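Presented sequentially are two complexes of subunit A, the first with subunit B as partner and the second with subunit C.
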Partner chain A sequence: MLLQQIINGFMIGCVYALTAMGGTLIYGILRILDIANAAAYVVGAYLGWVIYATTGNLAVAFFLSMALTGAIGVLIQKFIYTPILNKPNIIPIVPLITSVGIFIFTGDFIRLLVGPEIKDFGVILPFSVIKLGRIVINPEWILIIIMTAILLSLLWFVLNKTKLGLAWRATAGDSEIAETMGVNIQKVMALSYIMGYGFASAAGMMIGVLYSSIYPTMGDIPSYKMLAIIVLGGLGNPIGTIAAGLVIGLSETLISAYVGSVIPRDAIAFLVLITILLVKPTGLISRKNSI
Partner chain B sequence: MYAIVVATNIGIFVLLALSLNIIAGYAGQSSIGHAAFFGIGAYTSAVLTSTLGVNFWLSLPIAFVVTGLIGALLGLASMRVKEDFLAITTIGINFVVVAIFQYAPIFGASLGMSVSKPSLFGVKMDNLMFLILVGALIAAMVIFMRIIEKSWFGLALASIRNDEAAASSLGVNIVKFKVLAFAVGTAVAGLAGGVYAHYMTFIYSSDFAFLVSISILSMVVIGGIGTIRGPIVGAIILGIAPELFRFISDYRMIVYGGLLVLMMLFQPQGIVGNGSFLVNKFEALFGKGRKKSVVS
Partner chain C sequence: MLKLQDAEIFYGQMEVIKKVSLEVKQGELVSVIGANGAGKSTLIKAMMGLVKIKHGKLFYEGEDITDYPAWKRAELGIGYVPEGRRIFGDLSVEENLKMGAYKIKDKAQIKRNLEKAYDMFPKLSERRNQLARTMSGGEQQILAISRALILEPRLLLIDEVSMGLMPIMVNYCFSLIKELNQQGITVLVVEQNANKVLKIADRGYLIETGQIMVEGTAESLRQNDVVLKAYLGE
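On to the complex of A and B.
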């Protein structure tokens, strides 16, 4: 059953990578740890659920929810983060606490709006269970793999083949030099938030579909696990984030399957993180040009 | 009396906020896992008194020393990582420590631990005596922090916070002072934990979860990081807030979240931090006689 466990871990790793990608894209430009990404994860799941209930089309639900959540992200960046980051002598803990505030606010807003109970997010998928010998692949997993592949290709395309993507990479490398070269930093920040919150929203919907349930506190565990993955991936490095998401997904699944429940599943991510950071303090794949 | 219970609880969090301020405010190290050390102190003293039958008054200094040693060790290990990496590593430490409390049989595992109330001079300690104990500890801590601010240790920490490379080039032993700050800050949190365990008479792993760390940090920042008055004011405000908002209890979290954002947006230096609206007004009213504290 090792292969089955590896497939399970890979699947969860894909969702983790997408959840954390938002945080990575934002850290890459603004250098803040945005816990509020987990709020986008919850908002996205609920928006997707509402849109799917109205239109009955999963693709529409996915992309419309991503677009709407991304738009909310730009508003948050414009009206909350940018004014805070523009203040002189800001200590790094300030944006972190801001994001915690946004996260608490959003989760509770949804609870008051929709109610605290678990909502059913069951969907009808065009593919059925695949069985290869003793290995089972559920239709939801196929959806997750396809969506992850589409979104990561999209990300790769935007970052590497468009002018805005070039501006993003330049700003991530050195924002001051990029700005003197005429890069519009505000635009790059907006791109980070559209893509970052959009990705988080997609991840929220995937988890909603995978467990066919959504609830207001569903972002609590991703909020901190995401941080472990971002840091493990080298802080602000998209490729590192994918690798870290897979590493965490696989180690969680394998450790809880073979070592048993000596430690709770959600602490494994941090155990892996601390172990790797002590050996390699800059994460799995460190940023280029960083000291 | 209910007010005494609330006041003692707030007092314990004042101690925690002050102790975190040594690490996050004086030394400028983003530590977001402070509840872990609160927990280590609580469980250490609980195991000492309940399982080993040690006297409560002896268990407190032991909890202080043990937590400080663990804090120094973890601080030393964390020196390999910097800034945001450090912040996340400390979150990780919090999760791993809580996981140990939840799974190790010696700590009562998922059942938690019950502790009996200690006695002083043969009298069982009531809530009022705990309030006096906490008040005395806070007073001692404030005096201690004033001494730190004026000492070579405080100046070294300030220099590290302002410019680590410059401090190092002037011969300040960065690692030594950072680890010392970690040791002192976590030791006091451990002491607060010991008091908390015997005051509550029951402790459970989730009492020391990541969310608790976040609220301790919020107290420090909302009050005014790097000052002595800041963490005290912050802990009192965030401690009283749930009582004040009781009439809108369903909206408590949304109000809390919203206030955090508004605070950071309009008063990121804290309510009574240096350069905040209130302090500026105060200094304008009463002249500039007040000396600026070491932390500016």
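On to the complex of A and C.
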């Protein structure tokens, strides 16, 4: 049924947008593709699982996991990326490989710490299944809608209504000039990492709750799908990222529902990416730098 | 007010500024002229702290600011109008001005200074909610200048104000610079259009391949053979 598929695709798209948002916020300021954002997705899921198991409170699990993962992000930025980027004549491939390294390390570290097996998230949600005619909306979907709405509103508020958010947008446009106006770039970078890694952590938890399972390699597929979304969104554009997440989520769901498994589901994101970039090389919503 | 002493600047191994000394006194309008690639922009960027001075010193009101980051210089009262305007295109006009006021803590003062800019340039007021990149080149230049004025600088560094503008806007920008100077702001302009800038400047320096070749009053520069031949097209 078409409407049901659209709803499913929309939900998956929300999770994709949240996963990729960190990559976008970081690219906007540092001009690096941070694959380690997918590590935040895994770490967030595991932290959420541990905190939920101890406290039994899902809201606390979400909040603490996001805060802790965001804090880890700031540490990674301060002690790994900033020193690397401050080296003279650094080529962009170096931070990229570094981020791949952080990502692989994190997955393996978690595997050593808690084991390679799938863990059951085991959440009982306070919502029940909603049935509208033949359309079914699961409680997990409701959780995802509410969380996505809260987080994206928070992002919108921070970027558009706070001084630091204005500084973020100015720095994304021209970091050198923003600096001459007194913007502390380190602070703006920290904002990108706190929000970006926090969002990825929430996305990881959502997927953990949705499929009731978490495992050390759960970030592998999101890590490259996230790249497709960041590029499709116009590199460094938060609104473009939301649009791209939804486009990928919807096309995945609709194509696998109606075309069937001729095309593997996870390849669809890249087919969509390539098709759209052939038509519009700057992505869905391109950033227009003023120079 | 601003004093550069024996500055040497390198891009990698290449020395682009060779032992340059330069001074701007309180209340003056000083210009640095020279051809494309002579090192003018590098020089003004070094004064703002966007390019590192390898050897030599830079003093601002007697204070050694050689190692100060750009924003600290802005706080001290140095305003910067970059080459090519470099306004924040994805921000509104008002947000661009607010970025200029980033270091001001007092909200009432920010509001006052914004109003002052709008009074001075009504065009900006009309377009305050418009994205800056949708404005014409001339309007963007006015925005870049206003953005630098918001912090009430005592010294204004201006890089190639005439570049890419229509002749009528070029004239307007130069008379605006003169006016700002007469209002008490000390100005250093780096400019390719020697003819125009020497008409408003008090003093000038001619820079060629990273060295100062001629210096003196604007009047004497206009009479100078080297300047006449190479830059005033005679």
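Here is the rule we use: the second predicted complex is superposed on the first by the 289 of 291 C-alpha atoms of A that agree within 3 Å, B and C clash if a C-alpha of one lies under 4 Å from a C-alpha of the other, contacts with A are read in each partner's own complex, and residues count from 1 in each chain.
Everything below uses one rule, namely that a contact is a pair of C-beta atoms (placed from the backbone, for glycine too) under 8 Å apart; a residue touches a chain by one contact, two chains touch by 3 or more.
Please read all numbers here as calculations on a predicted model, not as lab measurements.
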item: Touching partner for A:266 - first (subunit B), second (subunit C), both, neither; value: first
item: First, second, both or neither for A:157, with subunit B first and subunit C second; value: neither
item: Subunit B versus subunit C as contact partner of A:174, first or second or both or neither; value: second
item: Touching partner for A:184 - first (subunit B), second (subunit C), both, neither; value: second
item: Partner chain in contact with A:166 - subunit B first, subunit C second, else both or neither; value: second
item: Overlapping contact positions on subunit A, where the subunit C interface meets the subunit B interface; value: none
item: Touch list for subunit B against partner subunit A, complex; value: 24, 28, 30, 32, 77, 80-85, 87-89, 91-93, 95-96, 98-100, 102-103, 210, 214, 217-218, 221, 225, 250-251, 253-254, 256-261, 263-265, 268
item: Complex interface listing, subunit A residues touching subunit C; value: 89, 163, 166-167, 169-170, 172-174, 176-184, 287-291
item: Contacting residues of subunit C [partner subunit A, same complex]; value: 12, 48-50, 69-71, 73-75, 80, 82, 84-91, 95, 98-100, 102-103, 132-133, 140, 147, 151
item: Sites on subunit A touched by subunit B in the complex; value: 27, 31, 33, 80, 83-84, 87, 90-98, 100-109, 112, 224, 227-228, 230-231, 235, 261-264, 266-267, 270-271, 273-274, 277-278, 281-283
